[in-house]
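Should a chain be cited, it is by its letter among A, B, C and D, assigned in written order, with residues numbered from 1 in that chain.
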Amino acid sequence: MGKFKIGVGLWNVNFAADRFLASGYRPIKSLKEQLKMVSEIEGAESVDMHSSDFEGVTPKEVATMVQDYGLTIYSVNPNVFGDPVFKYGAFTNTDENVRRKAIDLTKKTIDMAREVEAPVVSLWPGQDGYDYYFQNDYYFQWESTISALKEICDYAPDSKICYEYKPKEPRMYSFINNAGKALLLVKEVGAENLGMTLDYGHALFANENAADTLCLMNRAGKLFHIHHNDAYGKWDDDLIVGSVNIWSNLEFFWYLKQTDYDGYITLDMFPFREDPFEACSLAVRMIQTFEDIVDSLDSAAIKQYQQSNDAAGVLELLRKKVLLRQ
Amino acid sequence: MGKFKIGVGLWNVNFAADRFLASGYRPIKSLKEQLKMVSEIEGAESVDMHSSDFEGVTPKEVATMVQDYGLTIYSVNPNVFGDPVFKYGAFTNTDENVRRKAIDLTKKTIDMAREVEAPVVSLWPGQDGYDYYFQNDYYFQWESTISALKEICDYAPDSKICYEYKPKEPRMYSFINNAGKALLLVKEVGAENLGMTLDYGHALFANENAADTLCLMNRAGKLFHIHHNDAYGKWDDDLIVGSVNIWSNLEFFWYLKQTDYDGYITLDMFPFREDPFEACSLAVRMIQTFEDIVDSLDSAAIKQYQQSNDAAGVLELLRKKVLLRQ
Amino acid sequence: MGKFKIGVGLWNVNFAADRFLASGYRPIKSLKEQLKMVSEIEGAESVDMHSSDFEGVTPKEVATMVQDYGLTIYSVNPNVFGDPVFKYGAFTNTDENVRRKAIDLTKKTIDMAREVEAPVVSLWPGQDGYDYYFQNDYYFQWESTISALKEICDYAPDSKICYEYKPKEPRMYSFINNAGKALLLVKEVGAENLGMTLDYGHALFANENAADTLCLMNRAGKLFHIHHNDAYGKWDDDLIVGSVNIWSNLEFFWYLKQTDYDGYITLDMFPFREDPFEACSLAVRMIQTFEDIVDSLDSAAIKQYQQSNDAAGVLELLRKKVLLRQ
Amino acid sequence: MGKFKIGVGLWNVNFAADRFLASGYRPIKSLKEQLKMVSEIEGAESVDMHSSDFEGVTPKEVATMVQDYGLTIYSVNPNVFGDPVFKYGAFTNTDENVRRKAIDLTKKTIDMAREVEAPVVSLWPGQDGYDYYFQNDYYFQWESTISALKEICDYAPDSKICYEYKPKEPRMYSFINNAGKALLLVKEVGAENLGMTLDYGHALFANENAADTLCLMNRAGKLFHIHHNDAYGKWDDDLIVGSVNIWSNLEFFWYLKQTDYDGYITLDMFPFREDPFEACSLAVRMIQTFEDIVDSLDSAAIKQYQQSNDAAGVLELLRKKVLLRQ
């Protein structure tokens, strides 16, 4: 692939709350203020939005605003998790009416995405899952998700629909909690326009090596979207890119460079306490720095070390190139 | 100890939100409604409250309300985490003014506790910690916490001040993240009225065996308060008591029965999606059931098995007594 | 399915060592001694063996011994992990000769399985994976595994070949580290005789709800073999069945009862310190106890609760039936 | 402190086995061969040994050998875990005879350490802990450990005795499973010559920030010994230094540089599959590289950022200095 294209999820720069501070770590910003802030982040070219960002404004108006700020919209995501009606699930809800509501909201989101010329609709059905033993019929969760995704994909042959997995939160167990299960789902649905959003921190939280996961998705032709952040690997920490992992990030981007991926790398962070402009600006610079380093690596040598499983050899290469700048 | 006394943290039955649904899974209840609900939970005798529950009402009024519902207040907890001013910490904040604010709020909470005749003030400094490498001076976190606790304990020789540890959330790393570190802190402060709140789920999250932790605290004379819930052990899940662990709960209560603890076992759950009255009522019944089972165990036989490390022997005893009711 | 059939992996009752005590917690037993011990475990009807158990003895002799002890062999597993030649992988080894060795050993194991009339060959390629960033070509791991499995499955249309996943150990990352990825692999290979071994503790270690995993495999028609043990969920603990989880075990067996699975539930434990006869005998009794409880549960009521997501309802049912025996 | 002094635990370069390959990943080396290999690792100046390394050779002979190879011995560690007699614990064993054996072996190790002029005796009582609920009397574990340590410390006022904690392995729960509990123990024993061994990977496995742990120990004057390696934080991975964490390592060494620690940084890795000479040589170079980077950091600026909790500021400083070499 060519030079990385970098985007910012609007939620990175807006309000942020948690269960102990539900009133928020900072005030809610207007859509315009959010877009303005992103537009000022050097290196950021696109935004990801939620369907709920369109409240009180037409898609046309959104498109104009975004354009005025020199941005594009890469993805619009149906907010099927932020309303208590979905508390027991969106696509897996045992209540047919709620399931319908989730599907219809997704279709409406697809319509909005079309109007604002966003090529991607990223689905994170955060409430699909369970909290307690015996609480759910796991077969039903499969059947209902597959049937919902089929209907959604049929509706939008022109859109890239991306399923995003995550191990946990807000449910104790997310229904689709790792990359393997997600790809299994995507393959069973069998729609050409259905792929995956790879969230780097979700992969770490799922005890995956993120580069391995990237290859898994790419091999299947299903790497449709990338969310980036950093994490300690035991929760969906959503920290500033590059704040925790260096080798892991470099490996991830080294493998990414070798794919044909041509979408955005979109920030999906929760800078609760940090100034969001500073946090996102630094995250963009980090990605650019990682890209520069990756471009400077001797890939042939790395592949040679891989052929002989020579972990010490490749680590010495990294030490010299990255830490010593030799 | 005698028969378990069971209480309910008021937050169990009120509003519940998370970062994806900050507007809440259910509406906010008035203080009166919360107290009424707890009063109807069979077996619940006391409440724990936060200082923020006293907004717009005098301690005297609270005391009357609580009494009218046939309840008592066991603990009042300073809310030093739910205001953005504390986002970088309460007692460990690098800003002297914020630290002062946290200390003063705690003293004010002690005053309120006195007025409502709550014997305990439970301190959970949730924002004390850090998110990023190099972000904090760890020495300062120790010194500032110790100095704050000394001042607080001096202020309230008649109150039991309880420090509550937790591994993580809302910060990536809580300053005091396990029982050992908490007891170390408590011992260094060296105040007779300073002890600990043992939260069962926090212990599991800290990769502790909760009964081991209970013994650790009891041995030091510092088991001042107990929060109960259940959890899968990888996050502070705050689930319904008994919904995940059976042997662990029984071991915990078996050891508890052998102590002189005479405080309450207080529910600290977050039933986001469940009806809080049903969830708390069931949790109380679970504790009562565990107590009945513990009372029926042949403790002499268990101690004999422990003497010979006979895990199979003690497990067979549990199987027969608990699963077969023999 | 009908009554549970229970087996014992021979390794449960033999020698056990770890990296700090490589000389072993107890002496090595002869094959005869191992079989004798299993034959004396009440309720155990079959054994699982490794190809390495056949050293110095013909399959025919093994079959006779096993028969003499009133047992059958359910599975023979190729030992493609216990020889340093496989240290960098068996089917994913970058050295074509080692890969060939692993495939040939597996075929030879299939031959042995046929001779001893074991219907199953369970594959756990423990060394397939990686330890370090950049150490491996993840694409190659996929291609080489798929090609190896195709060849193996072609060779043995009459055998059930079972792939067993595990998150970690002995490699830092196992190549196939969760159920979703395993099923993905099995589906891509596309052989009718290729399915999966579900190891309960591996599922917990992979942060899976084991019942959910069971349904995943059963739905795909790929639940070919079950290994049982218990675990705290943060490592492959291989503890005595029922020593950690009660609700999780009951849910697992409740769902299992509703499948057509007709194979064995085989103990895969590592009683390093415990008397293996006692540990296995207790584990068998535990499974039988779980089965009795599951048979006594009101499944219609549970399904009703599931329909309404009523976690408190179903937990109250469990409390009454299991803890109160009402 | 001054320039880092680096040592190598002899076990890094010897035999390595695990429970699936108990016969070992490589052959056992003679003591001489091990010492020779360490002597050839550039930058390694000392070795740590186990009491069991002295079998069949007198301390005097060992001292001579070590000297001949231009090395010194920094620590001798009693092997109170590698004999089945200790399977249920060393200092916490319920059998008085075994406890006595562990204490006596430790005293004998102290004698050997004196003879070979090793200033440190590092105690890792790996089998002290428990595997199952109800298996142990937690009070007894405390009392027996304290009494054993008192006796040991009294015996050796001239030796630095170092307790080494670890969350898990080979027991499911180690008795002393994190830094806080370890320091609590050390303080209760109250001997001046009793301190701690900080193992970097054990700290990560205990969900600690290793720099925080270092400060905790240093503040108490109990940082007596350091083991280094790297790890993913979910197990005691014992990987090559610098192979996983960069920022964490730099923070750890930045704080270390500010202490008065004058002991060795000793490699405690398990290069099962790697050439141990290559692995250790690279690990030493990594430590040296980290030291160089740490020496080049603008500590005043970092402290300024810490004062204002400015995570983005300090991360930008790291990006520029480490990743861009500006």
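Note that a contact is a pair of C-beta atoms (placed from the backbone, for glycine too) under 8 Å apart; a residue touches a chain by one contact, two chains touch by 3 or more.
All figures in this text were calculated on a predicted structure; none of them were measured in a lab.
Chemist: Taking each chain's centre as the mean of its C-alpha atoms, give the chain farthest from subunit C.
Modeler: Relative to subunit C, the chain whose C-alpha centre sits farthest away is B.
Chemist: Would you mind telling me which chain pair, B-D or C-D, is linked by more contacting C-beta pairs?
Modeler: B-D
Chemist: Round to the nearest whole Å and give the separation of the Cα centres of subunit C and subunit D.
Modeler: Centre-to-centre distance between subunit C and subunit D: 35 Å.
Chemist: Would you give the residues of subunit D that are in contact with at least 2 other chains, written as numbers and ranges?
Modeler: 88, 131-133, 168, 207, 232, 234, 240, 243-244, 247, 273, 309, 311, 315, in rising order.
Chemist: Within their complex, state which residues of subunit A touch subunit B.
Modeler: Within the complex, subunit A touches subunit B at residues 15-26, 81-84, 87-88, 126, 131-133, 168-170, 172, 232, 234-235, 237, 239-240, 243-244, 270, 272-273.
Chemist: For the complex, give me every residue of subunit D touching subunit B.
Modeler: 88-89, 94, 130-139, 142, 167-168, 173, 177-184, 187, 206-209, 211-212, 215-216, 219, 247-248, 250-251, 254-255, 302-303, 305-311, 314-315, 318
Chemist: In their shared complex, at which residues does subunit C touch subunit B?
Modeler: Those residues of subunit C that touch subunit B are 207, 232-234, 240, 242-244, 246-247, 273-275, 278-279, 282, 285-286, 289, 293, 309, 311-312, 315-316, 319, 322-325.
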